[in-house]
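Each structure below is given as structure tokens.
One chain, chain A, appears in both complexes that follow, with chain B as partner in the first and chain C in the second.
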Partner chain A sequence: MRMRFTVAIASVVALGSSVPVLAHHSFAAEFDSDNPIDLTGTVTKIEWMNPHTFIYIDVENEQGKYENWALEMGSPNGLMRRGWTRNTLKVGDVVSVTGSRARDGTLKGNARAVMLASGERLFSGSSQPGAEPQESN
Partner chain B sequence: MRLSRFGFCVLAGLAVAGPLVAQTGHPVKGSWLGYWGPSESERHRILLVLDWENREITGTINPGPNAVPVDRTEIDYSTWVLTIEADMPVASGGTARYVATGKIENLGSWVNRRYSGTYRHGDETGTFLVTLN
Partner chain C sequence: MNKFIATLAAAGAVLAALPAAAQNGAAHEPHASEPPTPRFPDGTVDFGGDGIWDQPWITDFGRQLVGSDEIPFLPWTKAMYDYNKSTNVAYDPQGFCLPPGGPRSMGTPYPSEIIQDFAHERIIIIFEGGAHVWREIHMDGRPLPNREDVNPTYFGYSVGHYEDDGSTLVVETTGFNEKTWLNFNGTMHTDELSTTERFSRPNRDTLHYEATIDDPGAYTEPWTIAWDVPWAEGLELAEYICQENNKFLIDLVDELGNPFFKKVPVE
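Up next is the complex of A and B:
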């Protein structure tokens, strides 16, 4: 009885802590390096979280409609090692993002580099093999 | 000192629930994205960033180079009807008072929380719908 109780508690704790781990994945499983994206739009949301930071940008398509893209970047720690700070991007900034589109065709991508409105270009800690610079862990 | 089974469960529950609690905030806080306009054929994109500071709702319409600060808000917590006001630019130059009143719905949802209603901008009236980004 005591053993079953301990196992049950351990399972609950393990499940609770495994949710962020599930969000971590290989690049090739989710993104297609043969389907590059080059987007320019207005930042609508920034999520600094592990294991990946996300920025959302509003991009006007050829039909004049707006599409809200979710762009995955490296971890907050990895970005800071590449020169990012929490004030580098603000909601409302216009940025250009290069990277790779999600395999499922949704408005999601993996950002390789972000060009800020100031003209500064920052690497975004992409998990894509060959993207520079590589994050060392 | 032995920790009782009940005490252990409470601690384990708090440990798991702690990060969840940390994610919550005032229901209007966040980036809201959508459209507003006088008719279905004339809609304009709008990004509304709302915050909760010093027990008041504050915000900005279309943050960036053309940002317009929200200078007055009023919310009825019994109905979740929110009114926001700002001085918005008009096409002919200058600004006109922008008053939008709408209801916040799906409060418990992180993916489908919406704020919709009607607005008046100077002489123009119309509808708006934004969803939490």
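Up next is the complex of A and C:
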């Protein structure tokens, strides 16, 4: 526990001097960190592209209808360093995604982490400040 | 998870109590356990190796000041800084996949590689992010040209030399265009900008970067920033082509709610 506390302190001190993100544009201009999303659905499309990878998932809403969400992740180079490969996700996989919804209210969000069908959870290179714990510097 | 958040909050309180000076551009204190600074046979610092410089976060220049507490804005740069803040820095040129330019290139959260080409008396710095660009530093002893004699560019015209018995690379740059922001946070500059950068490597795993920004068109006096960039042993640069599918721009609207780029109706 003491070790974890030390790591947390290091993280916050680092946050104080800089913003850990993987971004080419402003997170706050597009997404609302006060509007979190936690979605589970079936992958319908994967765009393994720059500057942001997008995955699209069909999510059942409260009315029982399926809606297709677009979820922004980091760039392929950044995702690769977080353990992703182009084979990590496949169309038809059921995944859970946590993150923030777009300010414009559309079915778009910024993914912070993705729980894969295998149960493995990977950070997805979110551009949200502080989205990922930092264990160094 | 709640425990983790509570821990963060507690750590935040500790942080708030720290003197501001301790957070600003603090020089890196080498530890005995860190691998030593790599050097060439003549003693000159080697900025390369089996790895890359892996800047993990966006660097806020206002929090990395050396020798002062505030950026010395002129009224117009302060007004633009406030405006850019009010728009959540939506119009950051780097969001348009344009190069960072200037010291921001070392403060952008993508890796870089510094190649010291002694045979051809130049240094090339390759940036994985920021539009997948590079800059060249002339090391053949040529003088820094007058700003008026250089065509303005994103990275400007750079000449460098070593100081401190080869431990510090000093780079002077002029001839910047006005198409970049100095900083993610919306600090702007004019083409009167010149910079003096100092690169050193106190141990294998740390690049200490310092830059003095001199722009009488934008600031009342020169100001200096500094931070450390960590080394990632064993990693290599990867491809990143920002322009490929920039949905951010497609969806970007201005303050009146109009598309930032005019949409042309399809006939």
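In this section, the second predicted complex is superposed on the first by the 108 of 137 C-alpha atoms of A that agree within 3 Å, B and C clash if a C-alpha of one lies under 4 Å from a C-alpha of the other, contacts with A are read in each partner's own complex, and residues count from 1 in each chain.
Note that a contact is a pair of C-beta atoms (placed from the backbone, for glycine too) under 8 Å apart; a residue touches a chain by one contact, two chains touch by 3 or more.
Here the structure is a predicted model, which is why all the values come from computation and not from measurement.
Participant: Check the residue A:Val94 against both partner chains and state whether it touches chain B (first), chain C (second), both, or neither.
Facilitator: A:Val94: touches chain B, not chain C.
Participant: Per the contact definition in the header, classify A:Asn77: touching chain B only (first), chain C only (second), both, or neither.
Facilitator: Only chain C is touched by A:Asn77; chain B is not.
Participant: Could you say whether A:Asn68 touches chain B, chain C, both of them, or neither, answering first, second, both or neither?
Facilitator: In the superposition, A:Asn68 touches chain B alone.
Participant: Applying the touch criterion given at the start, work out whether A:Asp58 contacts chain B, chain C, both or neither, answering first, second, both or neither.
Facilitator: first
Participant: Looking at A:Ala29, would you say it contacts chain B, chain C, both, or neither? Reply first, second, both or neither.
Facilitator: After superposing on A, A:Ala29 lies in contact with chain C but is clear of chain B.
Participant: After superposition on the shared chain, which partner residues are touched by A:Glu47: those of chain B (first), chain C (second), both, or neither?
Facilitator: The second partner, chain C, only.
Participant: Tell me which partner touches more residues of chain A in the superposed arrangement, chain B or chain C.
Facilitator: C
Participant: What residues on chain A does chain C touch that chain B touches too?
Facilitator: Dual-contact residues (chain A): 5, 9, 12-13, 16-17.
Participant: Residues of chain C touching chain A in their complex?
Facilitator: Listed in rising order, the residues of chain C that touch chain A are 4, 7-8, 11-12, 14-15, 18, 23-24, 56-60, 63-64, 87-90, 92, 94-95, 97, 109-110, 128-130, 184, 227-228, 230, 235, 238-248, 251-253.
Participant: Looking at the complex, which residues from chain B come into contact with chain A?
Facilitator: Within the complex, chain B contacts chain A at residues 5, 8-9, 12, 15-16, 30-31, 33, 45, 47, 49, 60, 62-65, 67, 133.
Participant: Write out the stretch or stretches of chain A touching chain B in their complex.
Facilitator: Spelled out, the residues of chain A in touch with chain B are 5, 9, 12-13, 16-17, 42, 44-45, 56, 58, 66, 68, 90-94.
Participant: Under the definition above, what is the set of chain A residues touching chain C in their complex?
Facilitator: The touching residues are 4-5, 8-9, 11-26, 28-30, 47, 49-52, 54, 72, 75-78, 80-81, 104, 134, 136-137.
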